[in-house]
Each structure stands twice: as structure tokens, then as C-alpha cells.
Amino acid sequence: MRIDLNADLGESFGAWTLGADGALLDQVTSANVACGFHAGDPVVMRATCEGAAARGVAVGAHVSYRDLAGFGRRFIDVPPAVLRDEVVYQVAALAGVARVAGTRVGYVKPHGALYSAIVAHRGQAEAVVAGVREAADALGRPLALLGLPGSLALELAAQVGVMPVAEGFADRGYLPDGTLAPRGTDGALLTDPQAAAEQAVRLVLSGEVVALDGTVVPMRVGSVCVHSDTPGAVQVARAVRRALTSAGVRLVAATEP
Amino acid sequence: MRIDLNADLGESFGAWTLGADGALLDQVTSANVACGFHAGDPVVMRATCEGAAARGVAVGAHVSYRDLAGFGRRFIDVPPAVLRDEVVYQVAALAGVARVAGTRVGYVKPHGALYSAIVAHRGQAEAVVAGVREAADALGRPLALLGLPGSLALELAAQVGVMPVAEGFADRGYLPDGTLAPRGTDGALLTDPQAAAEQAVRLVLSGEVVALDGTVVPMRVGSVCVHSDTPGAVQVARAVRRALTSAGVRLVAATEP
Amino acid sequence: MRIDLNADLGESFGAWTLGADGALLDQVTSANVACGFHAGDPVVMRATCEGAAARGVAVGAHVSYRDLAGFGRRFIDVPPAVLRDEVVYQVAALAGVARVAGTRVGYVKPHGALYSAIVAHRGQAEAVVAGVREAADALGRPLALLGLPGSLALELAAQVGVMPVAEGFADRGYLPDGTLAPRGTDGALLTDPQAAAEQAVRLVLSGEVVALDGTVVPMRVGSVCVHSDTPGAVQVARAVRRALTSAGVRLVAATEP
Amino acid sequence: MRIDLNADLGESFGAWTLGADGALLDQVTSANVACGFHAGDPVVMRATCEGAAARGVAVGAHVSYRDLAGFGRRFIDVPPAVLRDEVVYQVAALAGVARVAGTRVGYVKPHGALYSAIVAHRGQAEAVVAGVREAADALGRPLALLGLPGSLALELAAQVGVMPVAEGFADRGYLPDGTLAPRGTDGALLTDPQAAAEQAVRLVLSGEVVALDGTVVPMRVGSVCVHSDTPGAVQVARAVRRALTSAGVRLVAATEP
């Protein structure tokens, strides 16, 4: 049994730093690297890719709405044709930077509000998938798409030859329908490393997650996400990694054969 | 005898349009496409690359300081390590978009104030050349660098295997030292198509340009630039193309073998 | 009988120009001046305010979502507390620039997608109204709010002492429910000056507008808007002004006593 | 004997936080509040002004080049007419936000590279001073200008009725000519609270500072700045405040009568 462990990294910007990137890179198998639209600048992108390359961590493009001021956390009603081209732009930019850093982009994970939108928003889901498909063709190599289990985007991805990777969250609270409790609501974030580790193990071994109201939600995932933007993130990541390893699960990037 | 004819294209942004891109693409052999830092957005970049691809026009990355508000026309004292990574980012982003549009990026031309800075600013010239070198390696194919004849950047490019292409301007006034008269000064812009055409022919056939004060400046160029951002730009480009062709010069992209 | 005639002006940005601001300022009684969030920069804002001051045209803050790349035309799900402060920021910035230009901000008109959102989106409508209320208190003088007749924002404005000004469009097509036909759909824009003039006169004299499907929609307005961003905008504005004047209507800014 | 103690605050942006604003507001008498051009957004500006208002701390506009990506730390060759209007825009925006927060803007302090530029760059120094003059007239109340002792900007300010306030740095190393050792060079930042406190006391009581090479540089200041963007900033500020108080110096904002 194997699983991918991913985190959002490279979310600093200019003079502003965010996240314990170095320490998290030691724990995860896949790094979702911001591409400059919600966070990240060319210097940060390069350093993050170099850190990933040095540790054999896979690199993914953490594409976003164009929204530095909102950190990509607000839905934007972007026309699909614009969104598609923005996805190509971001993936291609990171792909170039990754090559310079000695590694390659292997997958795409939409960020924040875009991640949520393409669970059900057909126009934007199609746009993201089309952008990933085009970017993969442009780069001449396959790209996987990480997303919420059951999301429209993953369904569309499979139809055009983009490998869908369903993702569970170790340290986010779930609603009974299998979506995430919105940030800012009670239980949205599990800060206890032990609780996060248990949720991760149950996700991987039993293919299910317990929603905040107690409902057991079946959920098959190919990757587990740990958050990265709070002080306790590293402890959570360590606990999750340790618990998975102890349970006999091998940690391998989803994009590894 | 052959020469390249280039113009700055794809300088619209969002709701704002600039330049007669379609008409100019019919005249030039190389299109310098803005990469989003001084102008251009993913949609504009793609449309411009598609237009170039449809006409067999070569595509170059028109990289810039990060300065939408100033259109890249103000010197910014960016640390070289930042500038280098910004060049990689821009070239890579355009390279991906160009592939999607069915073409490839073959060269880099710095824009505006960055173009002027790397004539003599060692730190920034080194940064741009390093960025182009890295981007070429990342893309796995050579990239040429367009610049001012005699500029430090072209000299450094040659040293690292980046093909330098010296460029003359059909419709800009020159100072006796071979640099351009600054925008806004008298004679900085030749708006008469005939005068521009004559300057272009003299540049190509005789390897010289007449400065605003009458000095004849020797200048060997591999490309001739026509401006793109005024109503008369298309007339100038047509006159230049016609005059060069009449003089027996073949118009071929500098990046063509 | 009197009416206000307003247009969106000052929508250039840096090197990009948009709209025939000078010619339109000769026709309108109120100028909605972009504040830098969807268009406009400090130089453009000042020049626009100076042009308005020179002609005795009233100045309003054309506040927007923070979205230069999308020209404020995409809905953004901004948290209300953020939106409120963004409104204060924009109004205050323009108020200072207007004072320097010898005039004052007298009203606020939300732009584009924000204009549409606050017709019914309670959180954002409350945020905009709160921001206008706070800005008026900060400036020590009343501010009116221009918006769609029947919109939630105008209703809330009246409750907190912000004068609501219902606005009709001379050259936009209407749906039977009194909202605007979305840009890009058939009939969304009336380009025939005569048709626009007739729609304006009917709005002012009869208090009604004919929707695209023929429905006659009652609509009482205190201001008529003419668009500004197409070549024919000046002709439309002239025709509307002439027709209203011929019909005996006095053109006076809504913020004039 | 009295002195002003100022710090750069409100330099967070969106999701990115920077600085220990609350703790520093407890120590200083004047808060230089970022206005959105190098840092700060409307929400951050408001919160910072509210914090200052609650503690009776004076508020100044920390105006900057338009450069979020570079945090205003890179010289930009902005045309003076643009810079002047950008200063008005920033001061006016903060002035409105400050009023909403129950306080007022009393002074302007240019940030980062702009601060350094106007020590000697005539065009930009004139632009900043003109902008401050215009903003003061627009707001209907005086604005002081904080700057380097002996700088051209302070000299020009005095000529147009803008009160110049010369400023010393408690925790920055000085060159023998009285300018600051550039960030990143040895000794540029004094991290030892005691050393900073001693430098502050000597500045205020003896009107002199000891440069990094030992030269004693005479320097009369009306304000002392403590930095804000490192973990030790609060300790430095506390030590400086305590030492000044112990030396019998009263801490009062420079803009207080």
C-alpha cells in the first residue's frame, strides 16, 4: 500500500514569508508550488523547486485565480477561456523554473477558491482541465490533476487523458457531503497532530473519513494533503507521516510510477 | 542579403488594447511578444502567438521589468538574482503558450528600460544573459538575444553560447554614440514612412545610420525594428518592408537558419 | 424637469488609453472617475478631475473590485469587511486628488460586476453602503450613491442617510425585470445614437423603459448613463443630450441642489 | 527635552503578515502606515490606524514607489509628475481611512528606496514635496515630512511650508557621510537592544551619531526611528524607549504642538 503526501509550498511573496517550507519539504512527497497568481514569485518558485529537487520531492503547479491581494481565496467569475490560458501560463512558467532547478512539473493542483469552484462549476472545471491538457501537450509529458474526490474537474480530466488524483485532507474538517468545512467555521482546521494523523490513516487504510457531524463518508484517495500555513503545520505533517509509515503505508509521490 | 524585421506586439492587457497587431504581423518576420510583466496577459499572448504561427512569423519573448503601471519604461534597480529568475519565468511562460499556439519561442528581446539598462549595467546585463541561458537549457533549444549593437548584454551573450543579434531601428532617431534618442526628445521618433524606410535600407546595405546631429555611425545589424504603438506604425512597417525588398534584401527571421 | 447625465471616465491606465474622455466631458453633467482598482492611476485620475473641474462637471468615485486584469467586470466573492474598507480607500484617494484638481467628490457609483452584485447580494451591498457612509463622514460632506433602480444597495443607502440616485441607461438593452442584458448578449448595447436618445427621453419623461422583449418596464431615474468605451460613445452622448434638451429637460448633476 | 519615536507599521498585505504591530504601537509615538504601494491594504491600514488611535499614537503616511513585489526597496526612475500624483493618492487614501478609524494623518515619511532617492535626486525630491504640499492643501491641514537630516527633500519642504522633521535611526549603522549603511552590508542593522538604545540617547542628547568606522557625525533630529520587521524589533523599541525616558527625554509625537 502506498500514498502521496502533499502540501502547499512556495507561498511567500517578495518580502513576505509564509510557511515552514524547508521543514515541510522533509516530510512530504509532493510539493504544490505557487505560480505567482496567488503567491510565489520567480525567486520563491526557484528556491522551492530547488528544495524539492534536493529531496526528491515531486513538484506540482499550484495554479490559482489571479488574486495576490486575496491569496486566491475568493471565487472570481473568470470567463473560462481566460482561465484556461491562465492555467497554461502558470504551469508553463513553473515548468521552466523547475527545469532550471533540476526537476520537472508532474501535476497540477488548483488552489483555494479555484479548487472549490471546479468541484461543480462546469465552465471553470472545463477550463482548468483544458488548460492542463494543453500544458501537458506543450511540455510533451503527462500531467496529473489533484482535486476533491468526486469533483467534476477530476471526472473531466479522466475523459481527456489527464490522470485524476483524488485527494483527502489530514487536517481539515469535512461536511457530510464530503466537501471541506469552510475556513473560519468551527472544526474547519484540525490542529491536533494526533487527530490529523488518525484521519490520514483512516483515509488511506479504510477509504473513509468521519465528517464533523459524525457521518462516515466513503472516500478513496491517491494523495493526502497537510496544510502548511500555521505554526503547527510541521508537527502535523510529521505526525501524519509517522502514523502512515507505522501503519505500513509507503509514502510515494502520486506521479511516481 | 537577408534581414530580420521585428516589432513589439501583444502589448494589450485585459480590456486595454494597444497596437495594430494583425496588420503588423503581416509585415514583420519576428514578433516580440510581451510576457505579462509590462503588458500582455495569457489571452493576449496566446492570440498573438496564434497570429504569428498562422503567418510563419518567428516568436520572441519580450521580457521586462515587472511594471504594468509604467509599461516597463522606468529603470528599476532590481537585484540581479531576482531579474534573472524573472527572465526565466517570463520566457518559460511564453514558451508554453507558444507551444499551445503551435509555434515556439526562438529568441528574447528585453523591453523598454530593461533594454536600455543592459547596454551598460553589468549586474543586470549578466542577469538577463544568465536568465536566457538557463531558459534555453530548460527548453532544450537555443535562444537568441536581440539588443543594441555594442551593448554589454550582447557581448556577454556570445560568451555563454547565446546568439547575439544586433538590432537597428528603422524609425527611431540616434545619438552620435549609437544609442537611441530618448522618447519624448526631438527627433526620437521618425514618423515619416519614407524616412524610416531609407534609414532601414542604409542600415542593412551600408551598415551605418545617420545620427540626429548628422554623424554617420557604423552599425552592423541582424535585425531591424519597427515600432508598433502609434497609428502610423503599419504604414512605416509597410514602407520599410517594401524598400528593403526593392533593394534586393530578403526578409527572414534572424532565428531561421 | 431636470436630469443628470453621467459617464464612466478616467479608465485609462499607464500607457493604455481608453475612451474619448475630453469629448464626453463636454456632454455629461457627472463624471464617474475610476479610482485605480479596475482602471485609472493617479495621473489619469488627476487629469480627469481637472477636465471635470474646468467644465463644471460633477465628480463621482467609480469604485470597483480590485481587478485591473479583468477591468472589474468579474464578480469577486470579497468578504464584506474587506470590500467596505476598499470602498473607503478608493473614495478617499479620489477625494484627495479631486481637491488638488479644484473639485470635490460628490457621489459614488460602483463599477461593472460590483454594480451588478449589489443589486441583490446583501453582504456586498451592505459593505458598499457602509463604506460610502464612512467615507462621507470622513470627508465631512454628503455622498450620493448611484445604482440600479430597485437595487438592494439603494434601499440600504436611504436607510443610513446616503442619498440614493436611481440610474437608467440610454444605450444598454434591458431585460423585462429591469436589469441590464449582460454584455456580449444580443441587444446588450444600443449603438444607434437615435435609439439611445429615444430611450433616454422615455426614461426621463415617461419613467419607463422598453425591454428587449418589448415589455414596458416602469423605471424612475435621477440620472441617465451613457457608455464611454466605444468609438461611437461621443455620438451617442451628443444625441442623448440634444434630445433631452429638445424635450425641455434641464441637464444638471444629481448632486447639485 | 522631547523626542518622537517612530516605526514602520501596517506592512502586512492580504494573507501575509509582517511585523509585531500591536507590541510596537505600545512603544512608539508615531506610526508610519503603509498606503498600499509597497505594503498595506485597506483592511491592514484601517486596523493599524485603529490601533494607533486607541493608543494616542500619531499617524503618518508611509508613501512608496508602486512596487509590492519589491516592497518598495528598489529605486524606480518614475517621472516626477507621476510620483507627485502617486504621493497625493497615497496620502489621501490613508487620510480617509485614518478619519474612519478616528484619527488623522499628520505627516508623511517616504519608504525604502524612495526615502533614499530623495536625499539627493532633485526631480523626485521636488515631486515628493509637491505631492505633500498638495495633499496638505487638499486635506486642509498641515503635514510634516520625515526624512534624512540634510536631505534635499527636507530642504525643499521647508521652502514650501511643509515642516521638515529630521530623523535618526536607533538601530541602523551609519556611514561617515551620515547616510545609512545599505541593508545587507555588515553592521547595517543593530540587533542589540542596548546598542540601539545608546545610539538613540546619543542622537537625542548630544546631537551626534557614531558611524560604523568610528567617525562622530553631528546630527540634529526631531524623531528617532526603530525598525519593525525583525523578531527583535519590540525588544529594541522597548530598550530605546526606556533609555530615552531614563535620560529625562519626553516621548512626544513630532506633530504634536
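Quick notes on this structure:
So that you can tell them apart, the chains are marked A, B, C and D in the order they are listed, and the count of residues begins at 1 in each.
Just so it is clear, a residue touches a chain if its C-beta (ideal position, glycine included) is under 8 Å from a C-beta of that chain, and two chains touch if they have at least 3 such contacts.
This is a predicted model, so every value here is computed, not measured.
The chains in contact with subunit B as well as with subunit D are A, C. Between subunit C and subunit D, the superposing rotation on Cα atoms measures out at 180°, rounded to the nearest 5. In terms of their C-alpha centroids, the spacing between subunit A and subunit C amounts to 41 Å. Of all residues in subunit B, those that touch two or more other chains are 41, 69-70, 82. Taken as a contact graph, the chains are fully connected, with every chain touching every other chain.
Across the complex, subunit A meets subunit B through its residues 36, 41-43, 45-46, 81-82, 85-86, 88-97, 99-100, 134-135, 137-139.
If you check the complex, the residues on subunit D that touch subunit B are 66-67, 69-70, 74-79, 82, 113. Those residues of subunit C that touch subunit B in the shared complex are 12-18, 39, 41, 68-71, 73, 229.
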